[in-house]
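The letters A, B, C and D name the chains in turn, as written, and every chain counts its residues from 1.
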Amino acid sequence: MPQQVDSSTLGMWVFLLTEIMFFGGMFGAYTIYRVMYPGAFASTSKYMEPVLGGINTAVLICSSLTMALAVRYAQIGNRKLIRIFLILTMIFGVAFIGVKFSEYYLHWKEHLVPWMGFQYPEHPEFFRQAQILFCFYFFMTGFHALHMFVGLGLMTWLVIRNEKIRFNEEYYTPVEIIGLYWHFVDIVWIFLFPLLYLIGANK
Amino acid sequence: MPEFHLLPPAAAVSATGYDLLWWYEVAVALIMTVVIFAGVFFFAIRYRRRSESYVPRPIEGSKLLEITWSVIPFLVMLTFFFWGAALYFRNQSAPPDAMNVYVVAKQWMWKVQYPNGVREINELHVPVGQPVKLTMASEDVIHSFFVPAFRLKRDVVPGRYNDMWFTPTRPGRYHLFCAEYCGTEHSGMVGWVTVMEKKDFENWLVSGGAEGSMASQGQKIFQQLGCSTCHLFDEQGRCPNLRGLYGSRVLLNDGRTVVADEAYIRESVLDPNAKIVAGFQKDIMPTFQGQLNEEEILEVTEYIKSLASQHGGMFTSEQTGPTEGGGRGGSIANAGQGTLDTHGTSMTNQPPRAEANAQAQDANQPGAAKPAAPGGKK
Amino acid sequence: MNHKVLPVRTYVLIWAILICATFTTLGVAFIDLGPWNIVVALMIAFTKMSLVVLYFMHVKQTSTLTRLFVVAGFFFLGILIFLAMTDYGTRTWLPAGKMW
Amino acid sequence: MSTTTAVQADTPISYLNATTGWKSWLFTTDHKRIAILYLISITAFFALGGIFATLMRLELTTPQGDLFTSDTYNKLFTMHGIVMVFFFLIPSIPATLGNFLIPMMVGARDLAFPRVNLLSWYLYIFGGVFALMSIVMGGVDTGWTFYTPYSSTYSNSFVMLALVGVFIAGFSSILTGLNFIVTVHKMRAPGMTWGRLPLFVWSMYATSLIQVLGTPVVAITLALVGLERLFHVGIFDPAIGGDPILFQHMFWFYSHPAVYIMILPGMGVISEVVACYSRKRPFGYSFIAGSSLAIAVLGFLVWGHHMFVTGQSMYASMVFSILSFLVAVPSAIKVFNWTATMYKGSVAYNTPMLYAFGFIGLFTIGGLTGLMLATLAVDVHVTDTYFVVAHFHYVMVGGMVFAYLGGLHFWWPKITGRMYPEAWARFAALVTFVGFNLTFGPQFLLGYLGMPRRYHAYSPEFQPLNVLSSAGASILAVGYAIPFIYLLWSLRYGEKAGANPWGAKGLEWEAASPPPTFNFDHTPLVTEEAYEYAPEKEVHVG
């Protein structure tokens, strides 16, 4: 049975609409270059870390589960479980960022950062166009990580808020809308993972 | 005070066609404007407020009217579309007998080169009645080649070729403008297109050309860079035979077929693995990105075109041997550095980006004190 | 605010499906399906997204309005990619027939 | 409509004097006060952009380019564009009149998110500060379009600061749009069905959709240009195989719909003004409302018509060309409906109505020349010439600024509680109209003659028309200065306005002038269609 949403939740959905277009701009540009330079894009696969990426996907899905449960317990007003699940969500979030940054470190060691002495000895013929993919890789995952940081900040606020006021079936909007945001960030990653990590893994 | 014109001179086949469409659109626009202005004025005066207490009877609207004034304008607009699209479509690809001229744009000049080697700056000479095809490349930012008298304009975009063609109809000197904003001296990036009688043009072209033809210069580059060690002119080489290549359809190893045009040759020089000819290996040819500037690539292209056995335009058929061209002093390395100082192109073997980066670093620090513009101030 | 509270097992079930789908994505990526690799990967991603949107984000229970906004986002993103591809997809097309 | 009669007292408490002190303004969450904050700030930016334009017209009176260096001139037109587009036109009607009127028109006490509304003003100011910084430190010379690779690699000016400013102002625009969308969905008074919404609200809703959907794309695009400038490598960089034309696709995906962000609110104002001064329900209410939404959606399908000569595939050009003609249909519907509204009406020639006449005429010319630009072959000749400049000024200035001025006069009594001097206002409207046509009319001819835009020096045969244009600009400047003076004057000396001086319909006219802080004493109950100018009832003229 469809139900009415309140203003704040609707506002969050409209905001997520803008977020879709924000990331969508990059996904669109990515699609075009991928069609233009299929070989160069596929050649990057051996430098990606699909296992780390896969682990990170799983971590983020777990954080989505704990976030959804935090919202669920806010709906029934269980302060203690809200606290536990929010903190679990944050732990998963921090873990994700940790893995992400260790990947960045690995790429930096391999000279795969386009503006920091890019080297591509195995496929010199793709030296140029591979940089486009790595630009996308760093910009897209970077913007995604930025959103993760914002989400973690919001959740810190929520944890404190949870101690001060009681969320219950009448009022759990802040948990709900921060949950929406977190799930959205998860969804972005669900697309980033196959598009960036698994381009030419089969070759 | 110069004399006043409503339209620029019309000096090409395209200009006459475009003007006709233009006048049609102006007529439609004038009629529509008059109708709407008349409606506004008539209603405003006829139904002006005569009494403060009078409130007119409401009128809900009319579906029939709404449909009428949606459909009829749209039908008129469809005539705009089809007429405009037909002219545009016709102007997209040059006829096979078009004469080739090459244009390289850079901040802030137009460099023109004819296949026989004649070079001009900010000038273009063309014969009347002869289709001319310009193949255009940019060394730096986006420019736009605009000749109002031909009613034609085409952006010149870095990293690719854009071409345009026209058939001049009236001798005279006509404006050439850069129409896409390209930096400090954008408004100084202007020149002249001179349309000449065929005879005069041929005389001019001969008197002007002291250097070797573009094809011969291309051939020199071709040999100096060692292209000829693999691209043998028979079917034995490790790389495809280039004789008769230009204009032919090439079967690729992924099953696609492409036409070997200027853009294809350019791509093959700079990005050899992009399109591998069926039956050949990839990763054999190195990229020449950063080793050749746009002009040199055009010369190589012209050389490969000259190898086409088929007929060509006035100049494409001109077969040139390894004759001694005088004016291109010294090695190609010199040519790369000397005649053109371009961004990110040099004859050194270092990756092109490093140099561009270094250059960009000292030029593009927004926080730093304002550096001088690359071309110097006015 | 009176969402029907979903049972915990629903959430856990969705989570389990998502995790399985992730490993499927990873596994399928290493099998050579030619051009179908990307299609399969994107189909799985869309499925995962739909599950998150419908259950974790409660769109299944919410009003048509929210659904409309979700669809609008993808619709306009589709426009961006599709119309840009009309350029990139047809740049090398040759003009058909004689034109002069 | 049910009335909430305002209490008439000698010193009525209104939103203007309910609280005092600068804090009560800078930290207000009252949508009406935020509208005033916006009004002041966009007026300042308009004046700044106007000064740049004046200097440009001054330079262009002679062909040699002798007043400024070419570098200065390039910065002038760039900053004119950036200031006018991002800091005047896009926020103009939405953030001032929209902010003030939408809650009142739907019968609400405030917008859905009053604090977000204030945040959006601060973001606007913050973005504006970056833009001003880029100007003060030496200017930007990329053109407001920021085309790569010039903006990302070659320009030596303060591009970064301008990009950051536009990026931040973009979020202000997004938040305003978001606020309006939620307000229209959630805050309507009982009985205010979608079919009873004033047409201004419809057009603002359509505008908000574009702001929410389009702005993020330009934000990310400009962010990518900024990153490319910062790192000297990026996805538009031709040196590594990047495509500068992709930037244009992404830029115009927003920036063409942004044209509708600028014009749709103006269309909403004109619908209100024409209905009020014809004392008639607008002809074809549902068609005008629907055409706003149609423009918002179709506006996203046409951006490629900015790129017919760039080397975009000719097949794409054809698709974009025909879609561009399609978007002209809803615009035409509006023009015809406004004209038809006057049929058998009772037309008064108050200043807002004069601006509305001007709008209809100038928008018609702007729209018809837009059709020429959408025609593939004609566009090849006139794109990037003064023809384009003239065309979009007819839409942006002849359309949007006229509607803005008309709307400002129309609701001035409501906003300030004072009447403006009618005779002066009519005179100013006339001067603006004449000055405008004299400025931009000749530019159509210049464009077809082949004078490219963004030219600092030009060929001497273009001089007569340029002199004419500059002369017109000076008249136009006078036309803008007069309202500025008498509107300020009226704040103190203007005649006191009643709640409904025009005998208009709409909930905003049922509150006092100026309205109390919470607009209505109690939530209004709407029982009628919008614009119910019933013939049997006497309309009270305040």
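Convention: a contact is a pair of C-beta atoms (placed from the backbone, for glycine too) under 8 Å apart; a residue touches a chain by one contact, two chains touch by 3 or more.
Being a predicted model, the structure only gives us computed values, none of them experimental.
Student: Taking each chain's centre as the average of its Cα atoms, which is closest to the average over all protein Cα atoms shown?
Tutor: D
Student: As a test of whether you follow the contact definition, which chain pair has the most C-beta contact pairs?
Tutor: B-D
Student: Distance from the CA centroid of subunit A to that of subunit C, rounded to the nearest Å?
Tutor: So the centroids are 15 Å from each other.
Student: Approximately how many whole Å separate the CA-defined centres of subunit C and subunit D?
Tutor: Distance between chain centres: 36 Å.
Student: Can you check how far apart subunit B and subunit C are, centre to centre, with Cα atoms defining each centre and the answer in Å?
Tutor: 40
Student: Two or more other chains in contact with one residue: find those residues in subunit A.
Tutor: Correct list: 6, 10, 14, 17, 21, 24-25, 28, 32, 36-37, 115, 118, 128-129, 131.
Student: Among the residues of subunit D, which are close enough to touch at least two other chains?
Tutor: Touching at least two other chains: 185, 213, 217, 232-233, 239-243, 245-246, 250, 253, 314.
Student: At which residue positions does subunit C touch at least two other chains?
Tutor: Where subunit C meets two or more other chains at a single residue, that happens at 65, 72-73, 76, 80, 84, 88-89, 95.
Student: List the residues on subunit B that touch subunit D in their complex, please.
Tutor: Where subunit B meets subunit D, its residues are 1-8, 17-18, 21-22, 25-26, 28-29, 32-33, 36-37, 39-40, 43-44, 47-62, 65-66, 69-70, 73-74, 77-78, 80-81, 83-89, 91-92, 107, 140-142, 144, 146, 148-149, 151-155, 157-160, 162, 175, 177-188, 190, 271, 343-344, 352-353, 356-357, 360-361, 363-364, 366, 370-374, 377-378.
Student: Residue numbers of subunit C touching subunit A in their complex, please.
Tutor: Against subunit A, subunit C makes touches at 1-6, 8, 11-12, 14-15, 18-19, 22-23, 25-26, 29-33, 37-38, 41-42, 44-45, 48-49, 52-53, 55-58, 61-66, 69-70, 72-74, 76-77, 80-81, 84-85, 88-89.
Student: Help me check something: in the complex, which residues belonging to subunit D touch subunit C?
Tutor: Result: residues 185, 213, 217, 245-246, 249-250, 253, 300-301, 303-304, 307, 312-316, 319-320 of subunit D touch subunit C.
Student: Would you pull the subunit A residues touching subunit D in the complex into a rising list?
Tutor: It is residues 6-8, 10-11, 14-15, 17-19, 21-26, 28-29, 32-33, 36-37, 40, 114-115, 118, 128-129, 131-132, 135-136, 139, 143 of subunit A that touch subunit D.
Student: Spell out the residues on subunit A that touch subunit C in their complex, using ranges where they run on.
Tutor: It comes out as residues 1-6, 9-10, 13-14, 16-17, 20-21, 24-25, 27-28, 31-32, 35-36, 50-51, 54, 57-58, 61-62, 64-65, 67-69, 72, 75-76, 169-173, 176, 179-180, 183-184, 186-187, 190-191, 193-195, 198, 201-203.
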